[in-house]
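Same chain, two partners: subunit A is paired with subunit B first, then with subunit C.
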Partner chain A sequence: MLGKIKWANIYLWFVFILLYLPIFFLIIYSFNAGDVMQGWSGFSWKHYGELFADTRIIEIVVNTFLIAILSSLLASVIGTAGALYIYNLKQPLAKNVLLSLNNVLLVSPDVIIGASFLILFTVLGFSLGFTSVLLSHIAFSIPIVVLMVLPRLQEMNQSLVASAKDLGANNWQMLSRVVLPVISPGILAGFFMAFTYSLDDFAVTFFVTGNGFSTLSVEVYSRARQGVSLEINALSAMMFIVSLLMVIAYYIISTRAAKNKKRGAQMMLAATEGL
Partner chain B sequence: MNLRAFLDTIVLLTKSEGWELTNTSTPIIEFKNVGLSYDDNEVLKNIDLALEAGKFYTLLGPSGSGKTTILNLISGQLTPTRGDILFEGDVINDVPVEKRHMNTVFQDYGLFPNMNVFDNVAFGPSIKGMSKADIKNKVTEMLELVKLTAYADREINELSGGQKQRVAIARALANDPEVLLLDEPLSALDYKLRKEMQYELREIQQRLGITFVFVTHDQEEALAMSDWIYVMNDGVVQQNGSPEDIYDEPINHFVADFIGESNILDGVMKADYLVHFTGKDFENVDAGMRPNEQVEVVLRPEDLDLTSVENGKLVVTIDDQSFRGDYYEITAIDDDGNEWQVQATNKSTIGERVGLTFDPEDIHIMRFNESEDDFDARLESYEDDSDDVKA
Partner chain C sequence: MMSKRKQQRQLFYLVPYGAWLLLFVIAPLVLLLFQSLTTQDGHFTLANYAIYFGSGTYLLMTFNSVWYAFLITLITLVISYPMAYLLNQLKRKQFWLLLIILPTWINLLLKTYAFIGLLSKSGTVNNFLGLWGIVPQQLLFSNWSFLLVAAYIEIPFMILPIFNSLAEIDPRLAQASRDLGANKWQTLWRVTMPLSMSGVKAGIQAVFIPSLSLFMITRLIGGNRVITLGTAIEEHFLVTQNWRLGSTIGVILIVAMVITMILTRDRGRQSSRKRG
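Right after this comes the complex of A and B.
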């Protein structure tokens, strides 16, 4: 019995070390005094200095976060409305069709979504840049939010809606005072999920960035092709710290929100370490 | 007086007269030939109800009998496919839920998990736009009524089932409804708590003097709490009356079987006040039937007594018995093979042959397919007769 637990623990640690090793490797080399990933030539903040002196990369970081925040906020609003609509549909056929359309978007390869957006924007004569990236990020985030919110609605006690109506609430009062607060953990999870997806999306963004505008993942990719500068390591290290802070923020927000509820924060997105 | 003023006076007069009428004779809720069907499935058939203000009504029946459907029609969650529902004389078929002067206590309470006890109870008044001070007074008053004053700041998931129940009642009553609808509110509580809540609900109803419509499948609950009971089955009101009426004078096999324990046997009404069953003639108190009409005979277990074989009207063999605290429940078999349930104060011996005795007025006769109106009329007629006989 004891032996079993021990093996399970060892296996778990092994997996985690394997998962995190490359990231730690990257972070450690961001402090390397040398300019390459081979050979440790001493500790230095040099690459961080270079990073902060590089105004282009700072601008890209700001853009990336702006896109992530805006797209996840808008996707949360649209996705929640969509989930409410699907939930309230009476016809099972229409419900299933909409749900399937939602899920197809979720599983279809990013490359296809990215390419189709590129074609759409080109056909419409839409100039590529901040707006095109934002629109496509909103589009691929909506199904994620729907997926996170819908189960909340389905497990919500039906008589809550009946009670609110019974006590005289109109549709808006019922929604704002009862339904939205009850499903808020789902909306929050959807928001954070959409945020991380937007933050680390490469494939879709790569198609629709156009000239001049870039996000982090696309920038790192294009720079890496010319040989990785350790400046990128410094950037990755900082992004890792930000992701970590986000996980902690999500944890705090969701436990506080769910403090008084039996069901509260469910899973946390291990995906948040992103880049 | 000019014409305009004259007309105004007339309008005023008719209005005040109408108001008089609603106050004295109009039922608070009335169903006129109400039916409800889903596709080809008829859930309710031609329901007529008239509920007077200030009384405790119970809709009693097994699941699927249509009792909750009636409640949902009253509250407005369902719309009838036929007939009219009236509130204080006005048809309200199309009035939406939130505009009706009634509130519901739901079976699973439907308390808002995102609010504490205070905010749950304050929900209705705050929707109405009452001032903060008024809301606070109202909530305090309601929590006092359900004895939860100390729990105002509690979260819903910190409450026991019984406390949730009380919050649900307080929340519904905080809207000052004229009718409170209760959908099997006690079914999730344990036996002792249920008994307590039955008593308290009755007390609250009498204190507030508003109309309660209570839905239950528990006949004991219905008998204990109600002023008036509607017994439902198959989407039809089988019988309505006071608890005593329904228990003592069930109209048909279903009601006799559903309300309390019954011994139901086939019999023949040989003449007025003479019924034949288990191969013997018995004197009874029913009349007004065709000679030799086939009927069903009901004898309640608590009306039967065990005695010596010589003194018994019937002779039975004790088959089984179980101790029930204040009595023994005995199953006995007569010589025709009919099974009899008897509540006896003394312990018996299984296999023993004993006499079974009862009084003429303990025999209740049910005709087949008799309508409620005919049933009531017949009962009234021979009750007068028997008074005459005695006089």
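Right after this comes the complex of A and C.
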């Protein structure tokens, strides 16, 4: 029995190390005094210095976060409206059709989304750049917000709405005083998901970005094609810290929001659709 | 009066959401299909499909793409099932699960970039092999490196659904099975595994479809040795600018995706969702 448990632990450790090895490898080499990801030549902050002196990278980081914040905010608004619309529908058929349509962008491979959005923008005569990237990010983030908000609506106590109506609340009051407070954990979770989708996206952005505009993923791609530069390692170390902070924040939100622990896992599962 | 109010409300919700549905869900798909079925001046044609199905290169590429997606899915499944099973037996499993999820929040490009350093000719892995007197190998830009990195990236997406389906199984079932005289392996094989199939199917779906369409990893790690459907689409759209043929491959990829989803569809899932 004891032996078996030990084997299990070895396997667990093995997979965990495998998962984290490349990430820590990147971060450790960001402190390398040398210029390549091999052969340790001493500790140094110089790549962080280079990073902060690189105005192009700084600009791209700002753009990336700007796109992420704007797209997730707008996607949260539109997605919540969509969830409310679907929730209020009476016919089950219409509901199912809308839900299926909602999930199209979640299951579609990124290449398809990118290519078809590129056709769309070209047909509409839209120039590629900040706006096209922003619109695309809003578009692929909306369905996840819908999926995060909808369960909250379904759990909502119907008598709350009915009594608000009885007490003479108008549409806006009912929405802002009764419904939105109840579903706000779902909206917040959706916002977070949308934010990370946007930060993480490479493929869709790559298609619709045009020449002048770049986000972090696209920049890393083009630099990685030219070879290794430890500035990117420094950047990834900082991105790792940002991700860590976001996971912690998200964990706090989702555990506080979810009554049962299982939902935390389910919400995380939704994060996995982004590839 | 009441219903009018409700209609107003619904309209207010529908306008932004419906605009999104039309513009960004329906229109792009229609345009993609339209591109694949028309000539330069807008006439209907099946020529693009004829080119695709008439060319050995395209068919071989498609076969390769499916084959590699299958291999990636198989590798991740073999590693992930025991992992999900063992994770489920830990105390504070939610915390450990979070550690599995954390790497998925790290930008995909950065993870891929890490492997360029790890696998390069004078990189860490080769140095490590060198300790045993193995001469430096060409690790990067090979089929193996592509499989390795793709599997690395997909593993959490396989572990999660399997973990969730295992967590849903009533522990009393395993106890009952043991009470009735089954040993640990029999319980695993006859009780736990069949009950976790919905998670396995969801995992296969979550890994297989993206694996068909990966294009960045094929470039950076695979050195264009493996051309997936995704790589082919990217190349037709952004390099050779042959959008019509690119759209045709896109339609093929969508068909492949739908077939995958039908094959891995879980009939029992909807009822279990409603219960929860």
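FYI, the second predicted complex is superposed on the first by the 233 of 275 C-alpha atoms of A that agree within 3 Å, B and C clash if a C-alpha of one lies under 4 Å from a C-alpha of the other, contacts with A are read in each partner's own complex, and residues count from 1 in each chain.
One rule holds for everything that comes next: a residue touches a chain if its C-beta (ideal position, glycine included) is under 8 Å from a C-beta of that chain, and two chains touch if they have at least 3 such contacts.
None of these values were measured; they are calculated from a predicted model.
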- Query: In the superposed model on subunit A, is it clash or fit for subunit B and subunit C?
  - Reply: fit
- Tell me which partner A:Arg177 touches in the superposition: subunit B (first), subunit C (second), both or neither. first
- Touching A:Met238, do we find subunit B (first), subunit C (second), both, or neither? neither
- Query: Of subunit B and subunit C, which one touches more residues of subunit A?
  - Reply: C
- Using centres of C-alpha atoms, tell me the angle at subunit A that subunit B and subunit C span after the overlay, to the nearest 10°. 100
- Query: Should A:Leu84 be classified as contacting the first partner (subunit B), the second (subunit C), both, or neither?
  - Reply: second
- Considering only the touch criterion stated at the top, classify A:Leu99 as touching first (subunit B), second (subunit C), both, or neither. neither
- Classify the contacts of A:Gln38 with the two partner chains as first (subunit B alone), second (subunit C alone), both, or neither. second
- Item | subunit B and subunit C, minimum CA distance [Å, superposed model] | 6
- Message: Quick check on my understanding: which residues of subunit A belong to both its subunit B contact set and its subunit C contact set?
- Response: 170, 261-262
- Note on the structure: Touching subunit C in the complex, subunit A uses residues 8, 11-12, 15-16, 18-20, 22-23, 25-26, 29, 36-39, 77-79, 81-82, 84-85, 88, 98, 101-102, 104-105, 107-113, 115-120, 123, 135, 138-139, 142, 170-171, 175, 196, 199-200, 202-203, 206-207, 216-217, 220-221, 224-225, 228, 232, 235-236, 239-240, 243-244, 246-247, 251, 261-262, 264-266, 268-269, 271-273, 275
- Complex contacts: residues of subunit B adjacent to subunit A: 75, 77, 96-98, 103-104, 106-114, 123-124, 127-128, 155, 157-158, 171-172, 175
- Task: Spell out the residues on subunit A that touch subunit B in their complex, using ranges where they run on.
- Result: 157, 159-160, 162-170, 173, 177-178, 181-182, 184, 260-262
- Quick one: in the complex, what on subunit C touches subunit A? 5-6, 8-10, 12-14, 16-17, 20-21, 23-29, 31-32, 35, 79, 82-83, 86-87, 89-90, 94, 96-118, 120, 122-124, 127, 152-157, 160-161, 163-164, 167-168, 206, 209-210, 212-213, 215-216, 219-220, 229-230, 233-234, 237-238, 243, 246-247, 250, 253-254, 257, 261, 276
